[in-house]
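Two complexes are shown next, each including chain A; its partner changes from chain B in the first to chain C in the second.
== the complex of A and B ==
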């Protein structure tokens, strides 16, 4: 932030970032359409990380089953906009429904876990994530709701009347591919999510979350209804997950329980921790890095090995995991509060080290 | 009974037949007393007498095993700590419990939570009402920091404040909840003579501004100078109650606890 201390420098900086973000999909598609899709998935992960940041970063409640809300949002979208039930509601109706359903699941998870903290809470939320996935796998009998492990396919893309986000289109002489169109709507929703996060953080509710994280007994003695405020964190975080899930279903056109495994929860949590939990910009950075760097490796490590050894010796996936683990260890050693830590978190960790 | 009637009868807090047990330990046994509006009421007794336990049952952190409290005419039984704070009892802690990593100002602003109402939608939409409330919260918090004498420390991290300032900050945070009764658990512990004198002035001012005070304190000079009445606890039982001058002469009190301390106390 102090980079932009001069007001004019700040606006120039914002303008440059805006231009870069607007131009990005065209630059990426000149490398390959796959990269625009990767950017879209990255935006979804930023969205998810922002949601999880409310629970983990703001309220200090460790949630290892966060991907369940993503799943709930995705299935809500898939069931309401696919041939499976032959329902085809418009996306701007389903996304809020998905947010609401995920929000209810957030409260469902939150209510029994309110008395738990730290490790115990982590274990229960982990279980919750698995329960949701197992339900999705098995709710195909006796009534076929989720279509089991086969998942749901031919999910409707976003569309306004005849304007579909899945088709190519030429506007003013510029060709907009489906992924590029999605990119812009995702980016718009992401900006909205960032504003919501920042405003929540600097509000009466955000302060109450901070108080609970710092000292729950003192927070209660100061008149904070910790039950309600914690549930609010779960509900808000879950809603973000639900919306992201809906967008995921629409973009992919196909979802199955396999997309919502534990590793995904851990990945989102890693994004939050790596970036700097509690700091919105840190979380954005963490999610962008962990979304793009592995893809970059995927496209560089294999050709590099072929070039040097003439064949592939180590699977790219293995190298990704190795580097990922190494990065996390280095982070813990040198920047335990994240790449862009929140001031408060930094102090907390400094105290723990004393 | 309405709060107005409570005021007429003069009693703000009434405690009767209070028992609290921890396993085999009877931490409080048949404790009873009442505090009048505008009083500074002292609670003294040797370490382990049950003073802090009394605070914890009063503020809803522990449930009591028998008896209970009436506050402003209403029973407090079964209320959660946050509900009790909303009814008008605010406290400080014997081992300071500030929100250590937050600024002094944030600590006091959090104290305003219970008297303000902005919710999620207000926060997200930044409605006029929310913005005005937010400004009012900050203004009041700054005033309170000034009131306890640490306005210059507003942006300092709570945990890094000098000890005496942390105690003051805890009082400011408690006052931010607009309490009718301010309950202080050893506020002078760890303070030097100058700081203690300033604390005394502060508490007199709080009382003059209309807040009743319940004070646990080991500094006998402070208790004698400040309190209208004191209750002496020993092994969870109340062994004496009355104006400090009378209590300090009570043979049971002398025997249980005060002994040499009171004999040596100057007649100030």
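== the complex of A and C ==
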């Protein structure tokens, strides 16, 4: 990292990355608008991974039902901004509401369960994820709240007055398509989230989380109110999930319980693990990689199979899942700290290996 | 028809399957404190292998019992092999690593097994061929089928056999010693690695039989049947007190009965606001409730935090 040690070199690096990020959607849209959408979903996954990283990476609590909070945020947005209840609140009102509701769910789940040992907690969160999904699937009776398996459609996009994020628009001679406009607002929110995460990590709370992760008994002996601090991690992670869910609902315009299955929780977990639990930049890298690589595979493996065998033998979806599984196993076996490990984690694992 | 008795019978059937699967979880947990997340997939593989064999033999003139037995006998070694390989490849290298690490590999293994099964057997479920004649018995206004009786009897026999194995044989003593303290057990001349492998193999064999039973009961087997079943069985193991054999058996049966009764009565109790489609919620509600009020389960011992 000598290259970045010089202050000016560092700022040049930041500027280059900023230019790349600003130019990215136009480069992608020249390949196809589908890729801009993929980039948007990747940003959502980064967002989710950052949220899960607070719970798993910072505080060391394995949450296997994280997608439930994403679902809660998405449904909160969908119910408050769609013809379903004929409510059309603006997005800057709903996103905080979604975060709040998800946060409440986090507290609801965390309060009784956070005193459990790590692996019990994992299973309980997994059960919680399933419970939320089953309720979403069935709460169409007696009052139609979630519209059951059909889901909720025609969800309002983000908009400021008449400026809607779902329409094409020409500003200063440059054509901005809907996905490109979303890209910029998502990117802005993501940068905010990254800053929040970095600040959190080195705050008093962040250090308390780290202490709990390293040794809960010792942390308690040092005067940390472990239950409350763990609950805070849960609630904060859940809020991130809630915001991401709201954004997902707005971008897609349609949500159903199908989008919030266990596999999604595991996918987000894979991103956190692959990148490096506890390291914000590692998690960003993991989420970007696991969002783009499967899509690349979809566009390369499928034609390759057709070319070699004349037909598609393995569906891309299956390849994607097999990759997730392999990534989880191989990472744990050969690089348990992730691609960009956090310094503390590295030390911890080295110590354990002795 | 007596709904109560009927639901108890149905619950007992499923509950004994849960108990058998739960034994696999509880043995592995007891010995290396790992939630073997992929155990449910072993159950699924057992069902798939057995159904393939049964399907292939269904056209022949062999008696149905022989066909089913052939299926079970094919499934058991296949599952044992998977169980052994799983421990060897994914868990053994991580012994002594932070607790989350093997749990995450277990999730990875579970995903891999599920999707490999999907590649091998495709997305569509395998159906159980109509070879077993439907036998029904009437007791007190409820119906019990021949398959249900067979499932309950087989499960209880397997539970008995496992209890004998663990408490009456040398191997069982070694298993219990390892679960109490692996280091000291090693000093006493017990080959820890072998005992752990053996535990996985026994658990996988039980899972294979459980897979055939649950597949036969529902009439189908498919690649994703393992995860929900596994989660419920794990809940059962926790309910009884994880690491405790009798607890897993009790927990499994209790969970099956609670689930069946819940599904049978929830409509009446809530004026049909909630229907039996909430059946799957019960297992998890029970799990959460048990962990909150009695974290060590019904028969488990209180375990303190490890410093």
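As a convention for this text, the second predicted complex is superposed on the first by the 343 of 354 C-alpha atoms of A that agree within 3 Å, B and C clash if a C-alpha of one lies under 4 Å from a C-alpha of the other, contacts with A are read in each partner's own complex, and residues count from 1 in each chain.
The rule is simple: a residue touches a chain if its C-beta (ideal position, glycine included) is under 8 Å from a C-beta of that chain, and two chains touch if they have at least 3 such contacts.
Bear in mind that the values here come from a model prediction, so they are computed numbers and not experimental data.
**Student:** Assess the superposed three-chain arrangement around chain A: do chain B and chain C clash, or do they fit?
**Tutor:** They fit side by side.
**Student:** Regarding the shared-chain residue A:74, is it in contact with chain B (first), chain C (second), both, or neither?
**Tutor:** Neither partner.
**Student:** May I ask you to decide whether A:44 touches chain B, chain C, both, or neither, giving the answer as first, second, both or neither?
**Tutor:** neither
**Student:** If you stack the two complexes on chain A, which partner ends up touching A:152: first (chain B), second (chain C), both, or neither?
**Tutor:** Neither chain B nor chain C is touched by A:152.
**Student:** What is the contact status of A:196 with respect to chain B (first) and chain C (second): first, second, both, or neither?
**Tutor:** first
**Student:** By the touch definition at the top of the document, which applies to A:28: first (chain B), second (chain C), both, or neither?
**Tutor:** A:28 contacts neither chain B nor chain C.
**Student:** Under the stated touch criterion, which partner chain does A:205 make contact with: chain B (first), chain C (second), both, or neither?
**Tutor:** Only chain B is touched by A:205; chain C is not.
**Student:** Which chain, chain B or chain C, ends up touching more residues of chain A in the combined arrangement?
**Tutor:** Counted on chain A, the partner with more touching residues turns out to be C.
**Student:** Which angle, to the nearest 10 degrees, do you get at the Cα centre of chain A between the Cα centres of chain B and chain C?
**Tutor:** For this superposition the angle at chain A equals 80 degrees.
**Student:** Look at A:54 in the shared chain and tell me whether it touches chain B only, chain C only, both, or neither; answer first, second, both or neither.
**Tutor:** Neither partner.
**Student:** Kindly classify A:219 by the partners it touches after superposition: chain B alone (first), chain C alone (second), both, or neither?
**Tutor:** first
**Student:** Give, as a whole number of angstrom, the minimum Cα separation of chain B and chain C in the superposed three-chain arrangement.
**Tutor:** 8
**Student:** Both chain B and chain C touch chain A; at which residues?
**Tutor:** After superposing on chain A, chain A residues 215, 217-218, 348 contact both chain B and chain C.
**Student:** Spell out the part of chain B that touches chain A in their complex, as residue ranges.
**Tutor:** Touching chain A from chain B are residues 59, 61, 80-82, 85-86, 90-91, 93, 97-102, 106, 109-116, 118-120, 122-124, 126, 130, 133-134, 137, 157, 159, 173-174, 176-177.
**Student:** Report the residues of chain A in contact with chain B in the complex, numbered from low to high.
**Tutor:** My answer: residues 196, 199-200, 203-208, 210-211, 214-215, 217-226, 232, 236, 344, 347-348, 351.
**Student:** Which bits of chain A are touching chain C when the two form their complex?
**Tutor:** Per the touch definition, chain A meets chain C at residues 56, 60, 62, 64, 112-113, 115-120, 122-124, 126-128, 130-131, 134-135, 137-138, 141-142, 215-218, 262-263, 266, 269, 273, 314, 318, 321-322, 324-329, 332-333, 336, 348-349, 352.
**Student:** Inside the complex, what are the residues of chain C that reach chain A?
**Tutor:** Residue positions touching the partner: 33-35, 89-90, 93-94, 96-105, 107-112, 114-116, 118-119, 227-228, 231, 234-235, 238, 272-275, 277-278, 280-281, 283-285, 287-288, 291-292, 295, 305, 307.
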